[in-house]
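The block underneath contains the structure these notes are about, expressed in structure tokens.
Chain nomenclature is as follows: A, B, C and D, assigned in order of appearance, with residue numbering initiated at 1 for each chain independently.
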């Protein structure tokens, strides 16, 4: 139980917090991992979970990937939805085992990975993405994380309709979520959860206006500000580096 | 599927956001719900999920409770860990189906409810609480939410030892989490997740110091600031009311 | 120098931080001070600055009023511009001795008091206020603070024109500052400072649009979030109580 | 009045917000300005305030420097106290014309410049700096801003005593302000304002402890978080870039 085996997905974590995802091969290989270089993943088999590995000039912790590890190790093609927001989306939209969730669009699949993890076992994530190249990129990240089975990535536009019905939640990361309120209303089960992630206040205003005219209630918008702290010998203080903004989170529930 | 039935746990949500939890009885009853008064829960059977109920002068949405509903409807005996922090804890500690999680102490069981929900099916939450009255109060909230099965509430002190072994995560909401670092280290599996929730900076400093001497890595402390937005006819703005502080979140991972 | 004398303006400060302004009379009187009741101000003469006075059940520090004391002791008819914003306005608009400043509107004259203080000696504040009752109320607060001389309160609408020319700064606290951009541009000297204080994002957007079409440069909008800290025996933490929002501050400079 | 003349201090402001300070020479010269290169300052004479100058590939606004311009144009040898904090310090410590203010240490003289500006006319800033090289560097920045007259820069240690008496305010930007509480208490007039600027929570705690044992009242610590906003065609949002922390501001007043 505490030894790494072939087939395991392992995250290699540097002290700096940088992370790399790897699937352990059954026999010697030469995997190329972005940021690490070439590594023989089979050598990890037999190592203890939570132990350290030295590779070249770097030292890594070998860990089972949690939500955070998955998010921070995706290969990025677009800005990802960060942990502070992803965590809150999972919570507010009650994303857990067995749930059926709609997402649009896939971005770098960082949020998709979290959704896929959360609905397992028994649930399903359906992701609409209008750009074929993003869909493909996202599938790659999902495969690397061993999460392909729980996700269906569709190339399509949620503004033109959603094929699924009776869904538990819908999470929209797109420039004009208000244009999708109608299709999402049809796809959600009564009581289903709606979330839109939007960087601009004007987007929030338009989404609220659209939700107010549709069968939704409990409209709310929040933003989360994360302050990391530096704890050292002489004392603690908020870190000087900080992200000023990501996106506003608008939530609502489908009513009958 | 979209009609409420006997045995269902329903959350009644007011437009104000106030929430009340109810289990629908099989035959006419007279349940006393704090904040609502006496209600015949059997009358809810047959109503559509997502529909509205008028009871006295109030109108409620009838919904399946999500994480947020559970947290905001617990009967409070102590300050609860709020959604912004609870969401992040679930995420950072990778709490999901099948996981075995330690919590100390139970408070009003708001976080416990979220943990219990998240580990279902297949997982287990063990909560240590030093005060018998809090343990009892928490059990009541868990029962109301239909979550008793996934949780074992123990009256005991984690600082004196934890009986469980190989746990996936440990979440400490107690005045001196640093005193429990040793027992938690023994209880966690390699790679297991540690979290302490502390209002004071001095607590954070002491927890970091204890973790640094124990088999933990990837120590980090963050705080989350939540701004709610008011979106009205004339435009949007951050709400004037805001909570200035809840607690700092310290995370770490058990290493080999 | 360190003894209070007749004619002095004194602020009485409670440990709670509540403040009351008083002018010391030359002979025994019975001043009615809102929040304190009737007091014989002449009794303060001869007391040392920085000493304590017991009056009824309360104890006060006797201090020379600073900016903060003036702001927190105005009698409020409208929400005041708070210290965090007032301080920044003085700074960004370079309000100091000798400057000629326009303000609209007067509100409770809290900001007006600060401006009047800052431009003394040699400067002048002109305040346009469309409501006669607010103008009157504001004059009362200025008189109590001994600041009437430095301020001219005009009942008038800055959107319809400003009589003054060559001003150093203009500070607008009104619902539609963009409507005043034209008159303010005429009133300001080249290089003069513009500031609008607005609670809504939509106001900020409209003000920016108006400034972009007028002779202004260096447009910037900021918001300030203030966290008060509680420092106690067991350690320090941010205060639980906090104001979520006041207003956005938009700054610009008049160009040639 | 609106034309630049020899002897004027001018700030050259780029659209990016970068700023450079210059004193206009009476006859052609070749001033070397860090960030701009060599410029003949005499050419600025006769230009209108608020007009634009093209020099090389850059375009500048020619403005009279305000507080902000002075702060952002100092040549930095150490991290400066930023506008959000400097503005609040001036306000809370009632720094204005005629006041006598103590500062320790000088850093890059950014705050010193603001203090000097604010106390003019009639006031005086005395700055204690333990390092001769910082004192010299600060004097250079003050000279460039034309503010040398209002400031006395002393090489000395405020922890060992302050020669001045009856001061209106004392502002400490040093690693151990608690060690200076005694000397500052002696130097301040009754009612005088105390301020310490400290990055660490542990510093705040120690300063509070020292103030509590000395003749000070109205102890308070705050922190200011500044969010800059980006206002564009499509709408507004908080800027992605943000400074996570500068310092905590601790205030108190000297009592009798």
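Here is the rule we go by: contacts are C-beta pairs under 8 Å (C-beta built on N, C-alpha and C of every residue); 3 or more make two chains touch, one makes a residue touch a chain.
Please read these numbers as outputs of a predicted model, since none were measured by experiment.
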item: Both-way neighbours, i.e. chains that touch subunit D and touch subunit B; value: A, C
item: Homomeric contact subunit A-subunit B: same or different residue positions, threshold half; value: same
item: Where subunit B and subunit C are represented by their mean Cα positions, the distance between them in whole Å; value: 45
item: CA centroid of subunit C to CA centroid of subunit D, Å; value: 22
item: Rounded Å distance between subunit A and subunit C, as computed from the means of their C-alpha atoms; value: 47
item: For subunit D, residues contacting two or more additional chains; value: 201-202, 205, 223, 225, 227-228, 235-236, 238
item: In the complex with subunit C, residue positions of subunit B that touch it; value: 199-203, 223, 225, 227-228, 234-246
item: In the complex, subunit C residues that touch subunit D; value: 1-2, 13, 15, 17, 48-52, 61, 63-64, 66-68, 83-84, 86-88, 90-94, 96-97, 114, 117-118, 120-121, 166, 189-191, 193, 201, 204-205, 208, 217-229, 231, 235-236, 238, 248, 253-256
